[in-house]
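Consider the two complexes below, in which chain A is the common component and chain B and chain C are the respective partners.
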Partner chain A sequence: MSVLKVENLKTFYPVKGGKVVKAVNNLSFTLEENQTLGIVGESGCGKSTLAKTLMALEEKTAGSIFFGGKESAQMSLKERYQYIQMVFQDPLDSLNPRKKAWEIITDPMMINTNASKKECIKKASELMELVGLRTEQIYKYPHMFSGGQRQRLGIARSLVLNPKVLILDEPVSALDVSIQAQILNLLKKLQKEMKLSYIFISHDLSVVNYIADKTLVMYLGKVSEYGHNDQIFNSPYHPYTKTLLKSAHISSSNEIKEFPKLIDTELPSPLNPPSGCFFHTRCPVAKDECSKIIPPVEIKREREVSCLL
Partner chain B sequence: MNSNSEAQNIGMGYLLKEFWSHFSENKGAVFGLGLITTFIIIAILAPLISPHGASEVFPGSLRLPPFWSEGGSTEFLLGTDDLGRDVLSRLIYGARVSLFVGVSIVIISTLVGTTLGLVSGYFGGKVDSVIMRFIDILMAYPSILLAIIVVSVIGPGMTNAIIAVAIVNIPSFTRLVRANVLEVKERQFVQASKTFGAGPIRIMVKEILPNCMATLIVQTTLGLSEGILSTAALGFLGLGVQPPTPEWGIMLSDARPYIESSPWLVTLPGLCILAVVLGLNLFGDGLRDALDPKLKR
Partner chain C sequence: MKKLLEVKNLSIRFETKKGVAHAVRDISFDVFEGETLGVVGESGCGKSITNMAILGLLPENAIVTADKLEFEGEDLLSLNDKSWQKIRGGKVGMIFQDPMSSLNPCYTVEYQLNEVLKIHRPELNKAQRTDKVLSLLRDVGIPAPKERLSAYPHELSGGMSQRVMIAMAIACDPKLLIADEPTTALDVTVQGQILDLLAGLQKSKGMSVIFVSHDLSVVRDITDKIQVMYAGEVIESGQTDKVITSPLHPYTKGLLDSIPSFNDDKSELFSIPGIVPDLLARPKGCQFAKRCFNRSEKCDEQWPKIEQREERTLRCFHPVS
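Our next item is the complex of A and B:
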């Protein structure tokens, strides 16, 4: 059974002048147990809004989210937070500089359970060991840790309530490449040991290729292509996926290398999305009908694609 | 064993030591701290160290100069005032009054100002507008004028002077805390605490407030000096603490007619006010530098 299922999720923000930003627009996907779903897209495509909506930091406009078969509306926030937790992008900014390591890690525990200080410290040292930090560091403050260690603290904090699903919002993009690999391997190890499921949000395709089982490519809040990793990375269908892969220089296939460049490098304003297919203004292989017809999400070559071609 | 002792080292003592090493680099701040500590000790030990009672009158020795001038006597080290009271004793007891009044003012204005600032900054919107317009009204008046207005409404006296000056001091705390909250609440750790279910009060008190502490402590020391200064001003105008309470502001105003014939009567209380205010300001500046975690190496 899937641990997380999202159906036709929409998160819209009203803006001044009666307009609406459709940050997440009709997104559907499922996350299986012990698997990783990569979510890829440019800045501003709605990745972080999706994460915030799943964490109830933003209210969804429409659609449904199922946590292990239970609809989000039937769950209290407390239940939800014990099911799904989040690791933030900036490891320094996501840790309160005035709290010690053990307080940071066990904050969720202090809020949601009646654990005593002693239990909290014990739990904190267990978790610090688990994520590869020395337990004698539990009385240190965040600024005394290095970047990679801070992200380990963030991961330890997200695990304290024993969640089933972790949302990793660009967890390595603020780190050095050598540290990135350590953190990714730690995440893989934890996934195996604790049977975790991940939603891995990133703009770095090579990282997603390494860690994810399935990948969802987003464009202006909509799904462009969604399928298993080998399909997305080895035989992409959507022209947007192809241009992303081309710019990331990670594909060895000639089709990708010779694929034409994006026409317009600017992402269109989400306030005024283009007509028809949102991508047609930048698509190097667009046809006339692309600007008129909104492409439905269809299964083509064993993956979900939203493209008329 | 080993890990335990290392853990102990990073406790309170370690932090104090670290704070002191940053703080003591600033010589002016250490001087300020010394000045304040001296005044606090004097205030606490007033009955023990003052040679005479604060209101004790010596009719035989009116306006005696300090002992080093001609005509002075060692019985009255800093001379006597126009009613024959010992100036040194009055100054010593005056330190008590000034510090008590200053601390009361700061406690009231910090509590009220910080709460208003936290609520205003965190909730924003209409709550913010209402609170900030109220603060704007307070700020539209010159501070001493506002204090005079408040005192003339509720009447003169020590308690009322404290209330009046506390009200005058509220806006600086509110604005400072609000600006800090606006900055801190957008940071990821505040978002993070929401994702594990922290409520607004917990977020305000446990997440945001500790991160405003550095600026708040600095503002508190500066507010203390401002409070002491304003109370002295009110006392000088006859609207604050009432005679015969030995208050530096009143001593200044009482001595005004004798400024030419007995200059020590105005100089000495003036110097006391100057020293305390200077000490607090130097100390506050030093605190600001030492408490900023970003400046720590």
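Our next item is the complex of A and C:
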């Protein structure tokens, strides 16, 4: 059974002048137990809004979210946060500088359960050991840790309520490559040991290719392509996916290397998205009909694609 | 090819309350005309501070020593403020990492580009300057340049701001362009465009480029030579393809192995244990010894010297074979 199911999710922000920014626009996906779903796309495509909506930090406009078969509306926030937790991008900005390591880690426990201080300290040292920190560091403050260690603290905090699902929002983007590898290895180890499921948001395609089982490519709030990793990365269908792979200088396939360049480098304004297919203004292989017809999400070559071609 | 920049045994140190911090120690490299040099290494390894020394932008408390620091045969260490001005922005252009914070938010694009020309090309009159600004904006691929003249930085996207920064850097046809992580703050689609732009400009203007980045896949694709820095030292340098395909220093190998490769191999990534040494309390021997898989007792005791080996320079007792 899937641990997380999202159906036709929409998160809209009203702005001045009666306009609406459709940050997340009709997304559907499922996350299976012990699996990782990668989410990629340019800044402003709605990746982080999706994460916030799943964490109930933003209210959804429409659609439904199921946590292990139970609809989000029927769950209290306390229940929800014992099911799903989040690790943030910047390890220093997301840790309270006035709190000690053990307090940071067990904050969710103090809010959501009736644990005593003693239990919290015990839990904190267990978790620090689990994520590869020395237990004598539990009385230290965030500034006394290095970047990689801080991200380990953030991971320990996300695990304190034994969630089933973790949202990882660019968890390694702020780290150096050698430290990035340490954290990716840790995430893989934890997933195996604790049967966790991850939603892994990143702009780094080689990292997503490495860690995820399925990947969802987003463009202006909508899905471009969604499927298993070997399909998305080895035989991409959507011109946008091909563009991303080409720009990242990682694919050795000739089809990707020789794929034509983008027509327009700039992302259109989400306030005034283009007609038809949102990508047609930049798409190097667009046809006339792309500017008129909104492409439906269809199954093509064993993956979901929204493209007329 | 002519030697443009020659750096020999450059050291930069800071005297702090806690002691002396050697930010850069004993580094040597050359940049020839038309060549691209890639500089890679982790944060705090001295990449940016080396560039600041070449541009004379180091803070007052920095103590710089070098056997040689010459640009076109001119000794940079003996320059006064006025002569620095000719080099900075004139013969050497610089692009910074974050375009949003390197442009002044209070002035228009035209004003900021004009400023460079006013200082370095005093012979131009106002109309000529405006023409030059427009042609620069066209060179860097900004659509409708006339309309962008009166735009403020906040009205531009990240990619557009970086294009304006590049226009400023090439305004005086520099011989050397220093690009310090020019694409790190940008989306991958924009990154590709900016890299293409830089490569095109380099060809058409015959510039040399120092390209600083932590992204090895980008450095591999666009540079001729590469130097790997660790804790303020150059630990390996040579032809890019040689260094990337057969790294000799364990640190270079570790860096390359810790990047997830783009294939179906999903096994555990190699990771370099530990963290970089504190610059105030440097180890006596090899700076990388503590984290190295190939070390011996000698590495803890002695500081390895720079050697030539297999067409590259190396600072290591036990290279990877």
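Throughout what follows, the second predicted complex is superposed on the first by the 309 of 309 C-alpha atoms of A that agree within 3 Å, B and C clash if a C-alpha of one lies under 4 Å from a C-alpha of the other, contacts with A are read in each partner's own complex, and residues count from 1 in each chain.
One rule holds for everything that comes next: a contact is a pair of C-beta atoms (placed from the backbone, for glycine too) under 8 Å apart; a residue touches a chain by one contact, two chains touch by 3 or more.
Source: prediction; values computed, not measured.
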Practice task
Once the structures are superposed on A, label A:Ile138 by its partner contacts, choosing first (chain B), second (chain C), both or neither.
Solution key: first
Exercise for the section: Please indicate which partner A:Leu57 is in contact with in the superposed arrangement: first for chain B, second for chain C, both, or neither. Expected result: first
Practice task
Using the superposition on chain A described above, determine whether A:Asn114 touches chain B (first), chain C (second), both, or neither.
Solution key: neither
Practice task
Identify the partner contact of A:Met86: answer first if only chain B is touched, second if only chain C is, both if each is, neither if none is.
Solution key: first
Practice task
Please work out whether A:Gln182 is in contact with chain B alone, chain C alone, both, or neither, and reply first, second, both or neither.
Solution key: second
Practice task
May I ask you to decide whether A:Asn96 touches chain B, chain C, both, or neither, giving the answer as first, second, both or neither?
Solution key: first
Exercise for the section: Could you say whether A:His203 touches chain B, chain C, both of them, or neither, answering first, second, both or neither? Expected result: second
Completion exercise
Per the touch rule above, chain A residues touching chain B in the complex are 55-57, 77-78, 81, 85-86, 88-90, 93-99, 107-108, 111-112, 135-136, 138-141, 143, 154, 157, 161
Handout entry: chain A residues within the chain C interface of the complex
Key = 42-43, 146, 148, 176-182, 184-185, 188, 203, 205-207, 209-211, 230, 233, 243-244, 246-252, 261-262, 265-267
Fill in the blank from the handout: The answer for chain C against chain A in the complex is residues 42-43, 157-160, 187-193, 196, 214, 216-218, 220-221, 254-255, 257-262, 264, 266, 268-273, 275
Practice task
Would you tell me which residues of chain B are touching chain A in their complex?
Solution key: 3, 6-7, 10-11, 187-189, 191-198, 202, 207, 210-211, 213, 293, 296
